[in-house]
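Quick heads-up: structures coming right below.
First chain A sits with chain B, and in the next complex the same chain sits with chain C.
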Partner chain A sequence: MNRPFLFAAQLGLTLLVAAFLVIPVLMSMLAGVTVNFFQGISSGLTLRWVWRVLDLYADTLALSLGLALACLACTLVLGVPAAYALAKRPSRLTRLIEEMLVVPVAVPGLATALALLIAYGGFREFRTSAAFILVGHVLFTLPFMIRAVLAVLSSIDLKTLEEGARSLGASFPHRFFGVILPNCRSGILAGSLMVVTLSIGEFNLTWMLHTPLTKTLPVGLADSYASMRLEIGSAYTLIFFILILPLLMAMQALSRPRRRKET
Partner chain B sequence: MSDMRENTLLALLLAPALLVFVAFFLLPIGRLALAAGSGPDGIMAYAAILTDARYRESLIATVLLSAGVTLATLALCAVCGLFLERNRFPGRAVLIGIMTLPLSFPGVVVGFLVIMLAGRQGLIGDLTQALTGSKLVFAYSMAGLFIGYLYFSIPRVILTVMASAEKLDRRLEEAARSLGASTFAVTRDVILPGLLPALLSSGAICFATSMGAFGTAFTLATNIDVLPMVIYTEFTLHANIAMAAALSLILGLITWAVLALARTAAGSSVAAAG
Partner chain C sequence: MTTPGTRIRLTGCAKTFADGTRALEPLDLEVNAGETLVFLGPSGCGKTTTLRLIAGLEMPDACGRILFDDEDVTALPIEKRNVGMVFQSYALFPNMSVAGNIAYGLKIRRVPEAERRRRVAEMLEMMRITELADRSIDQLSGGQRQRVALARALAVEPRVLLLDEPLTALDAKLREDLRLEIDRLLRRLGITAIYVTHDQAEAMALGDRIVVMSKGKVAQIGRPRDIYLKPADRFVADFIGNINRLSGMVRNGLLELPGGTLPWDSPDGPLQAALRPESLRIAEDGLPGLTGTVISAFFLGDRQRLLVEGVAPEPLIVDAPNRIEISAGDTVRLTFDADALIPLSH
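Moving on, here comes the complex of A and B:
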């Protein structure tokens, strides 16, 4: 088979797939600032829909950002020490614990949400508060934090580092905050970006756990797709993209140099 | 520090995460399993997924859809991933960026993007209207769901394929070629077997994610009978908590088993339910 033809065919397919992924995103962004999407771009550009969304759904934005930060705090406090303990003693038991902690990611959010509703739905105060959603988000994102930190901790020589610090007289808190944490900075950063991105976009769990007073951004999105005109749904999606794209790009930038180092 | 003291310390560091896991996952899942058996059919609720025609059909439809999406995603990503890894050309980095960016778009947003493409006012509708005079609209059906699942599967799989393609031993291909193997034979006998572990593990993630996905179907139409939608309607519309519990447990068991199987078959991987 001739090579230039093969190259062209592969390039063509790759471009087609890229177009499939990017065109609807651009379309929805454009639709969010178009006066009338049905008439097309010739009807003019406007920020009217964006303001409408901010007017209607500002509370969902605030709740989602708040939840994402709270979720980040929880996963840091729970996940980083856990990852350290798992890395320190690689054994069959810790391997099993690690496998177990990852299960909430392998099970559909719908099932986890139903389980939470059946077990804790009766506690009204808890059920109607944002903490109920936070619990779901922490369950779902914690494995990503643990995995990211664990990956870095397993690649550095933890033992030598710690023994060096200990021989200099550093106590455990000193070693943990002064030596271990700075050394797994990149893992914590990667995990944090992942946790915040996933929490902001989480829908499967959140849709089941939310109440009319605890609507997050994706819940509001689903609501606007179902009941608002297309331009408002698009403008809302545009705001979501503006929020999430920098996080995704930071994640891409972070993973690039690390991959090169590995080879 | 003695070993004993250190073990206690490590246990203390691990305890909070384990406590949260037990209290908010293990315990609730146990309650879910009990609730599933407490309906009018008792323990037989678990068998209903096979004996009741509606549940059985939705299970078959969901498995077929997920398998189809997985095969299509693997085929596309094997070609594109290999191509992007092996060729250097201007705009390559942008292409990779575009293809991995939708990595964690929520299902609801993906559903909306499908409407943008194939909905009543969508791009495909406009194009077919202009070309053939009749409007092609398929967003609100199984075909729309297929497109949506393909959309969120591609970024997950392509990253794994590229990472695996980077590690392939090019000398094997050169040896095969110098022995007279055609491009097709090299691809079939050398490249694909080399990519197989990556394809298996990312394919399993893709399949499990598609089985459990809820947001996309929710945005497109409530009458698409995939298993997560059936569970949702059982729970909210029919208040049939026992059946919803049984079905979601079985669904969870399927996705977990697929991922666990693929992990033992192909080394470690990170999974994500969409």
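Moving on, here comes the complex of A and C:
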């Protein structure tokens, strides 16, 4: 078979698959700015639905962003030292702990949420606060932070690096903040983006844990799909996209292998 | 700039690891102020463990004591010992520039900015890497990295400088250049230095004294000359340079070997000894010699290395001058002097 034809065929197939995936997304985004979706684009474009969503669901947006940042703070404080501890003493036990960390990811979010409700549902103040959702989010995202940081820590010669710093008189805080943290910056950054993205988009857990006063963006989305007109749901989706796309793109850019001169 | 040397003393320092492995048998050792002491031995002989004990990266088993001058530093971790350390893998901080690496120890010691800068500039100049100051570590070659590592270790004016196979990761030519440079540096600074290597040429070139180690024990301590010419035992003789084994019989003033006889001035009886390749010579015509056949000949440039069989029970390694034409299959006559023999006790 001649090569230009083969190339054209492959390109065609790729574009077809891409279109299959992208068109619904574009349709949905378009629906959010169409005056009346059932009449089509001819009815005109408008930002009315977007403003409406911001009006109706501003609190869910704020809560989602707040939760994502709080979740990030928690996973940084818990996850980075945990990853360091795991990298420092690789043993069968730490392998086991590493595997166990994945459990919240593997178990359906609904099950985790149910477990949280059974265990802590009785504490009313806690149950009805956003902190309850935060706990769920931290549980779910922590493994991602630990894994990202651990991957970087395992790729550097941590032991020698620390011994080098020690020989120069550096105490543990000096070493940790001056040498270890800066050298796993790329892992921390990748983990952070992952955590924020996952927290903003988390639905399973959150749907079980939320109260009418603690609705996050995805829960609000489900709500609007169920009870609002299609254009509003779509405008809401559009806002979600605008929020999450830069994060996804940054994540992609970070995960690209970095070019490094090796000697 | 001279750092007055520190005398190091180890008494009864043994090291047993958590899994029960005995890495080092009880060791007593004194390192003179300003001396360069080289630990030499095959991997697993305990040389790195000893260095790590002196560094403070490992603690000796109970009873072991380590003194810097008259100060007992046994309980001090490395952070508090004020030692400079150079690692085989450099251990430079990738998140800092060359100058940042060198300044690190000074920052930890809260040396004022101006003084710090002056010191860093001085170190850069001493290691002849001033133009690399702002480079990142990724951009350096292996030799440059080790220069930075040396500068970083020396910047804080340590009491002792500890070098753990610093040249092993470099290629041969660079290794030799840097070896000369380290030698000059250590002499100039007068700092007490401990150098660990498995390379005997490096050990002999750098060491004021060499400690040859084997299986967690000291096999011999001495000047390079003594270690080479008067090895204490088979292990040392074998480990440092090449060695030939001779076993023959002295009868009526003649040493009898499979390749013939040589006039010999010692009482009758069996003779067991070792001989370095360079102690064997091609015998001049008309003078007594032992006849043998060349099995292989390697031209090495400065000399040629022959493997000769038939002279002694085992084939002999012979270093011959480079100008004589010799190839495999040739018959040669060899001789050696009695005082070149190394007596072997075991």
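By definition in this document, the second predicted complex is superposed on the first by the 245 of 263 C-alpha atoms of A that agree within 3 Å, B and C clash if a C-alpha of one lies under 4 Å from a C-alpha of the other, contacts with A are read in each partner's own complex, and residues count from 1 in each chain.
One rule holds in what follows: a contact is a pair of C-beta atoms (placed from the backbone, for glycine too) under 8 Å apart; a residue touches a chain by one contact, two chains touch by 3 or more.
Given the structure is predicted, the values throughout are model-derived calculations rather than measurements.
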| item | value |
| --- | --- |
| More chain A residues in contact - chain B or chain C | B |
| First (chain B), second (chain C), both or neither touched by A:54 | neither |
| Which superposed partner A:250 touches (first chain B, second chain C, both, neither) | neither |
| Contacts of A:158 with chain B and chain C, given as first, second, both or neither | neither |
| First (chain B), second (chain C), both or neither touched by A:189 | neither |
| Partner chain(s) touched by A:70 [first = chain B, second = chain C, both, neither] | neither |
| Contacts of A:35 with chain B and chain C, given as first, second, both or neither | neither |
| Where chain A meets both chain C and chain B, residue numbers | 166, 263 |
| Partner chain B, residues of chain A touching it in the complex | 1, 6-7, 10-11, 13-15, 17-18, 20-25, 27-28, 31, 37-38, 77-79, 81-82, 84-86, 88-89, 97, 100-112, 114-116, 118-120, 135, 138-140, 142, 144, 146-147, 166, 172, 194, 197-198, 201-204, 207, 218, 221-222, 225-226, 230, 233-234, 237, 240, 244-245, 248-249, 251-252, 259, 263 |
| Chain C partner contacts - residues on chain A that touch it in the complex | 156-157, 160-161, 163-171, 174, 178-179, 182-183, 185, 260-261, 263 |
| Parts of chain B lying in touch with chain A, wherever the complex brings them together | 1, 7, 9-11, 13-14, 16-18, 20-21, 24-25, 27-29, 31-32, 35, 76, 79-80, 82-84, 87, 89, 95, 97-109, 111-117, 121, 123, 150-151, 154-155, 163, 166-167, 182-184, 208, 211-215, 218-219, 228, 231-232, 235, 241, 244-245, 248-249, 251-252, 255-256, 259-260, 270-274 |
| Complex contact set, residues of chain C against chain A | 55, 57, 77-80, 82-85, 87, 89, 91-95, 104-105, 108-109, 138-142, 145, 152-153, 156, 162 |
